[in-house]
Amino acid sequence: MTRQAKTWLVIGAVFVALLVARGMIGQGLGRVYVKRTDVTVTLPDAVVVNSAAGIGSTTDSSTQAVGASSAPPSSSSPATISWQEWKQVTPLEFIAAQKANPAQTEITLSWSRTIGLWLAAFFTLAIFSFLYADNPLYKIAESLVVGVSAAYWGVIGFWDTLVPKMFGALTPGLVKSLVQPSLVAPERLQQISMVFALILGVMMLWRLLPRGGWISAWPLAFIVGVTAGLKIVSHVESDLMAQAAATMKPLVVSVTDASGSTNMWDSWWASVANVLLVTGVICCLAYFFFSVEHKGVVGGAARVGIWYLMITFGASFGFTVMGRIALLAARVEFLFDDWLWLIDPNHFRGL
Amino acid sequence: MSGGNFNNTNASARPWFERLDRIDRRWIFLLMFLAVSGPILWIGVTGKTLPEAPTLAARAVFQEIDQLPAHSLVLISFDYDPASAGELQPMATSLVRQCAAKNLRMVFIALWPLGNQVAQQTIQDVIGDDYPALKEGDDFVNMGYQAGNEAVMKLLLTDFAKAFPKDSRGEATSNIPMLKDVKMVSDFPLLISVSAGYPGSKEWVQYVISAYNEKMNFVTGCTGVSAPQLYPYFPQQIAGLLGAIKGAAEYESMVNESLAVDGVATAPKYLQAQRRMGPQLVAHLLMVGLIIVGNVIFFARKRRGAA
Amino acid sequence: MKRIIPMWIAIIGGFAMMLSSFVPLAESAGEMFADVFNVVAAIAFVLGAGSLAKQHLEKLSRRDAGWGYSIITLGSFLITLFIGLGKIGIHPNEQFPQAAYSGSNEMEGSAFGWIYEYMITPLTSTMFALLAFFVASAAFRAFRAKNTEAILLLVTAFIVLLGRTFAGVVLTGWFPDWASGLRLENLSIYVMQVFNTAGNRAIMIGIALGVAATGLRILFGIDRSWLGGGDA
């Protein structure tokens, strides 16, 4: 056995031992509780229940079409549809419910979410294991994130944009009956533009086929053109003109205090700040102006510009470090709070 | 853990700075992990947080929201995903809390595919738990996600309903009571964006605020990576800016102070950013220490080479 | 033909968007193009998903190195797609109970919501959190005060790192009021509002000029490199 394999084994064994020990102490660890709510909704009149299509069930969200009447709608017995909703609750609420009525079944342990929580912890540790060395666990987690994210984005794009906008314009009847009964009837222009979008979309998907990849150049051209048109106006307006205007600051500032008299100290420092800002912008622009040789006055300005840019990059580094550490802190909080139950900052378990 | 390939019999003869320079980076990883987890455990057990003094940029965010009359419309864009939630979720929570407490009419949108999910979670955590009297459709509405990035912003400039034809419940925009008088984005006096990158705060300034700077104000919370790039927009184009978890902690403390009730402790979920400043402090000290040690090694080596 | 038509599509689309900002009559054309763009962007997600599936299927069929992981990628991809597109386990919206697919995918307790909560969130968050470790290692190895510029960068980094935490208050909070500007927390604000703003503003202006120049080159048909095959 190699040294690295032995190290992995030792780390794993220590880890499992600690987990088992933690599980035996106090309230244990890593459990999720849910509260069940039974919902019954009356269907609108003259509607046939579409009970077969799309209503499946998972461990925690069971959906049943109960009381769906197969008889024609009548004023005597409105058709209803029922399902159960499961909302996560704190362990404290479970303990209180059990204390009030040990036979209650409204708040229970959720196996699917508890398994999910442990999987989430496992994935977190699998990715952290990369810090020690690249390993199959990390590669599995990496493969999962790629596959799941790609599909997730596709699903979101389909249901949130394609269905209401494209299918809503091209097949409004279908969308209205199955997805969005409140759909507004599309205008003729909207339908034409969605036909155009559909054609471009299909041409773009042609890229996946072995031949005819050049067809996807048309929608790509559309995207490039529209993006260029949008960016030219926006960048010139907000990043060029507005920024130039914001740089035009007074180099001598007079700061008056509450009594109306000039505060020399504050005025001096405000003036220095403006001078530094205006000088800095000009010098940094001088540095980026490569068409003129950086000699003499221009060279001096460029040198000062570099110093400003170094300060900018130092500030960016500091902020970047801050950002990354916050993300790490959030993951460590998840491990210690949600999974291991070592801390309880939100008072979910009464610790 | 051992350092690279070198002849072990010569290791003890190697100067201290050489040995330190060759240290396995995994020791540094371990130090970073301890620097973050130690304070988290300590704060988790004691409940103590560090005091925060709000800076100008964070105060500006608070004041922009505070000065709006009740029932004003606010557009809140969730332009981030769970990967950046560690930094941005605390500020999103506090922003929604202040808006709800001020009785502003909130319209939530998302320009990131996973932004809608984060928005739903925030709505449930803040409005669902603490402001149950607010009614969806009348007091707040979640319009969900739309693909297209800046093209969505372009559409919002002239036709809100075309950009977001329905809300997340499936209700057509034209049927939503609070949006009856909303034709375009400039009908919102305030735009709030919590953003992790592209599309986000920068694009809102470029495409929307530059067009409607006189009609609407814009405040934003952003990640540490984006914050330095947004400072040039402050305060002319961005009225208030929350940069990274520090900005979140400052703003959070202001909101908590303004909504404090005598004798009632602030709910722990509204102290998340302040809790995370603890590990920030220790980790930053570690970073400074590592850079100093690295430079000590550099200069020691240089002196040895010169000698 | 294969290059001329796409070029003209780009030119027409681009000028329509530009004109819609200045000419009220062109506003509806701009809206239409933006609407089409949004739908095409959503279809691009489908293209991305399809490309991923195609790439991993090819890897699997060729038995390339790491093909086992491709099975995991494809499996998770197909399962998520099936659950999401079929809205498995998602009940209709209470407002529209007659429409079977009216429920939201983001519903709590749904299988799709489970994937978000217990797969996407931990996997993506932890990927980003890894960077904190590498930043620390890089800072130790690479940040050397070799010259004036490097010293400026390091000093600024120290001011920001310390000034943005309670360490700044402890180290320099005792400075008297007349020297309050030298307190680390105030220094860090000053650095951001003056020096960082100046530097980033210059970068921003430069980028804006570059974007405008490149955009106009594309819209006038001068730059056709994006079509493939270089300028023609």
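Note that the chains take the letters A, B and C in the order they are written out, and that residue 1 is the start of every chain.
Operating definition for what follows: contacts are C-beta pairs under 8 Å (C-beta built on N, C-alpha and C of every residue); 3 or more make two chains touch, one makes a residue touch a chain.
What you see is a predicted model, and the numbers here were worked out from it, not measured in a lab.
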Exercise for the section: Pick one for the touching-chains graph, please: line, ring, star, complete, other. Expected result: complete
Practice task
By the contact definition above, name the pair with the higher C-beta contact count: A-C or B-C.
Solution key: A-C
Fill in the blank from the handout: Taking each chain's centre as the mean of its CA atoms, chain A sits from chain C at a distance in Å of 11
Problem - chain B and chain C, separation of their C-alpha mean positions in angstrom - result: 15
Exercise for the section: Indicate the residues of chain C shared as contacts by at least two other chains. Expected result: 17, 21, 34-35, 37-39, 41-42, 44-45, 96, 99, 102, 108, 116, 120-121, 124-125, 127-129, 132-133, 135, 139, 154, 157, 161, 164, 192-193, 196-197, 200-201, 204
Practice task
Give me the residues of chain B that touch two or more other chains.
Solution key: 29, 32-33, 36, 83-86, 113-114, 116, 144, 146-148, 151, 154, 170-171, 211, 228, 232, 243-244, 246, 280, 283-284, 287
Completion exercise
Contacts with two or more other chains occur in chain A at residues 131, 152-153, 156-157, 160-161, 165, 179-182, 226, 230-231, 235, 239, 243, 246, 312, 315-316, 319-322, 324-325, 327-328, 330-331
Handout entry: chain C - residues contacting chain B, complex
Key = 17, 21, 27, 30-31, 34-35, 37-39, 41-42, 44-45, 93, 95-96, 99, 102, 104, 106, 108, 113, 116, 120-121, 124-125, 127-129, 132-133, 135-137, 139-146, 154, 157-158, 161-162, 164-167, 169, 185, 189, 192-193, 196-197, 200-201, 204
Fill in the blank from the handout: Listed in rising order, chain B residues that touch chain C in their complex are 25, 28-29, 31-33, 36, 50-51, 53, 55-56, 81-86, 113-114, 116-117, 120, 124, 144, 146-149, 151-152, 154-155, 158-159, 162-163, 168-171, 211, 228-229, 231-232, 234, 243-244, 246, 277, 280-281, 283-288, 290-291, 293-295, 298
Completion exercise
Seen from chain A, its contact residues with chain B in the complex are 131-132, 152-153, 156-157, 160-161, 164-165, 168, 179-184, 226-227, 230-231, 234-235, 237-239, 242-243, 245-246, 312, 315-316, 319-333, 336-337, 342-347
Exercise for the section: Provide the residue numbers of chain B that touch chain A in the complex, in ascending order. Expected result: 26, 29, 32-33, 36-37, 40-41, 43-45, 47, 83-87, 113-114, 116, 144-148, 150-151, 154, 165-166, 170-172, 174-175, 205-207, 209-211, 223-225, 227-228, 232-233, 236-237, 243-246, 268-269, 271, 275-276, 279-280, 283-284, 287
